[in-house]
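I have placed the structure first, in the form of structure tokens, so that the comments after it can refer back to it.
We just call them A, B, C and D in the order they show up, numbering each chain from 1.
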Amino acid sequence: MNLSELKQEVFDANLKLVHYGLVLHTWGNASGIDREKGLVVIKPSGVPYETMTPDDMVVLELETGKIVDGVLKPSTDAPTHLAIYRAFERVGGAVHTHSTHAVAWAQAQRDIPIVGTTCADYFYRSIPCCRSLTPEEIERDYEGETGNVIVETFRERGIDPMATPAALARNHGPFCWGKSALDAAFNASVLEESAKMAFMTALLNPTLPVDEALIEKHYSRKHGPNAYYGQR
Amino acid sequence: MNLSELKQEVFDANLKLVHYGLVLHTWGNASGIDREKGLVVIKPSGVPYETMTPDDMVVLELETGKIVDGVLKPSTDAPTHLAIYRAFERVGGAVHTHSTHAVAWAQAQRDIPIVGTTCADYFYRSIPCCRSLTPEEIERDYEGETGNVIVETFRERGIDPMATPAALARNHGPFCWGKSALDAAFNASVLEESAKMAFMTALLNPTLPVDEALIEKHYSRKHGPNAYYGQR
Amino acid sequence: MNLSELKQEVFDANLKLVHYGLVLHTWGNASGIDREKGLVVIKPSGVPYETMTPDDMVVLELETGKIVDGVLKPSTDAPTHLAIYRAFERVGGAVHTHSTHAVAWAQAQRDIPIVGTTCADYFYRSIPCCRSLTPEEIERDYEGETGNVIVETFRERGIDPMATPAALARNHGPFCWGKSALDAAFNASVLEESAKMAFMTALLNPTLPVDEALIEKHYSRKHGPNAYYGQR
Amino acid sequence: MNLSELKQEVFDANLKLVHYGLVLHTWGNASGIDREKGLVVIKPSGVPYETMTPDDMVVLELETGKIVDGVLKPSTDAPTHLAIYRAFERVGGAVHTHSTHAVAWAQAQRDIPIVGTTCADYFYRSIPCCRSLTPEEIERDYEGETGNVIVETFRERGIDPMATPAALARNHGPFCWGKSALDAAFNASVLEESAKMAFMTALLNPTLPVDEALIEKHYSRKHGPNAYYGQR
């Protein structure tokens, strides 16, 4: 995939966020990475989805964050995306949304629990709600530190980021990732639906009972070495 | 109805699940049975609804589960459908969805209570939430045992599967059935609406008061020997 | 308005229920009355909205319930409509729906409280949730007695049916009425929105605080002798 | 912007309320002001959105409320808009809606708390739920006093109306404002989404934990002297 194709995919992934109903106004952004070239393609900041084109996508250097292609400013959240790409080496795409139910969990400062097969088909463990940033972190490099805290959370809790491809920035909202920009957008839609289901489950049964063997089974039948879901 | 017509109906029933808003991505499947030939027609696994055609439907032998027609793999949940058809002899069609509110009850490990006439018009008793599968059952034949536990639940509780045509696989979601694939899809839509109403009822009045005589009346005026609802 | 025009309006009112999102499948019906002729026009039973025409409307005698025009069976709920027309002499149209949030209150066996101006613009007092029918009433004439219990509720509580044009049949759902079939359908849409707002209000503040003077003001600025809302 | 352009913008802002899903029937109104001429342009009262044209907008004198252009009666809520324009001198547009979740908070008599960055990007402090009007205020000039109580609330609590551009009229619903009519409509959509998220947050975590430094950061990166969100 060349850079022009990656721009198109990142553009498509941004529109998918709208199509999935995850975005109000311009509140979302998707990016993709070319690991060989060390370049990240990301949505420009605050541009309406209706008029955006693939050529509006902004290209950044992974290591420096420097703009190497594009006339618009990149998404304000670009440093968060970059931190995720730098730490999680198998990630090919990342998205950020303010999808309603996932935000509700982030604002409640709670992990989104994996309490059923709908989420277990895509997320192996609860979606962690990260710690608050310190005032110093906010002051120093707010968006970059948001990404660092996500990375810290996964490392400290020993979560595999490819098996649980999302995190909640506390009192903010979800960041999701995946093998590609489109895959990350897909995961964002699963996360929102899971957050909605878990919200209602929490009201119907606050103990949130889980069935570990079932979760294990569902995740592994789709993603394990002997996966048998889907064609081929 | 010949096999080609059954494929068309099963295809239509799958699209109905989308039309009713019960399915996100490819998370649902519908099947129908030809009792005389002992053949079950079911959706292929993981195929997008947008590109699916009636000819993509997969034909299985009821008794063996062997594919006798079709080039695609059948839905991963096919063994659950087969177990339902084998045990409930008057069932002509079955569907599985991850519809949001029904899943919430399944994740809360609670039966969906019949607390009003909306559900009582189609479901005579609470929709049972089945027991968890044991790790051994999950290991042995996960999808088949999911069906077996549904059958076990109806037998142990003495529920008539044609009068209460749905069950909740615990921490998973609803399986519904009916006289045909389209009827099963219809029941799945009623179940979801009933689950939504019951969710809000449970929050407004946790005692979930029922009026048995009313439930009896509504079910029987539509389905009893002297039914008088609808034309003819 | 002649009978043909009334059929058209009743037909339109039935479609309005669908347009307002109050009806799933065929779960709703609207009727209108010609007081001079003593004739009630009502939707046929169980006919899909997509294929229904104005000529499918059924004409009944107000006093006897006898069909005087139309080849289809009238809505099963016709006797409830007739009871409302007989007792509430200024009613020109009536509708029944299973709209989601209004049903939730009916199933919770609670009145829908008037806790804000949105509902107070159209409903002067809480929407009463009627008592359960006795098994004898259900046996004798279920649909007629459903109407009788609505009438009984308004008489015993001293509610003016034109100022509070709706009731909840317990564990069933809302019946609404108004000056015409279209007005009744409009009121049904206001009721559902009010029920939704009241549901959330009840969760945010279970004491459901009311401001009587405000309710009085809003109702009277639209409906009182010195009403000044709208044009003319 | 001349008066004809302002009528067009106010018309557009009214339709935006419908587009954003904030309005059922005719329950909403938007206005804009020409500060130099001292004229306010506002939606007419009770006119359906489908047939309304820019020329139906009504022009009022800011100081007297007298109609200076237009054949229709202005929105019943015009005196509330005028009170807001008179007290908050930087306001260029105002809207009133009965959007579902914001109304739920107003009916619960609770401020909408700012518990996340989604709302903090546009609202610096909790949206205040104003005190009830006294029966005397309701009697004297209901709509005007509704505006006066909003102004009183902001003064007494020391809230900057341009940094927190909305208020809840108790047991009624939201009034929002902004730099223009379109900006006010935009803020109304953010308020409704924030109200929905806060509703769910309150159910998941009634303590509603806030992160002050984060709120401060998000508001200032969009609206502070060193704002860096968006293009330019």
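Definition applied: a residue touches a chain if its C-beta (ideal position, glycine included) is under 8 Å from a C-beta of that chain, and two chains touch if they have at least 3 such contacts.
Since the structure is predicted, the reported quantities are computational estimates derived from the model, not experimental observations.
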item	value
Chains touching both chain B and chain C, listed by label	none
Fraction-based call for chain D against chain A, same above half, different below	different
Centroid comparison with chain C (C-alpha atoms), farthest chain	A
Distance from chain D to chain C - Cα centre to Cα centre, in angstrom	33
Where chain A and chain C are represented by their mean Cα positions, the distance between them in whole Å	47
Sequence positions of chain C contacting 2 or more other chains	203
Every chain pair meeting the contact rule	A-B, A-D, B-C, C-D
Chain A - residues contacting chain D, complex	24-25, 27, 44-47, 72-73, 76, 98, 100-101, 103-110, 132-135, 138, 142, 170-173, 199, 202-203
Interfacial residue positions of chain A with respect to chain B in the complex	115-118, 186, 189-190, 193, 196-198, 200-201, 203-205, 209-211, 213-215, 217, 221, 228-231
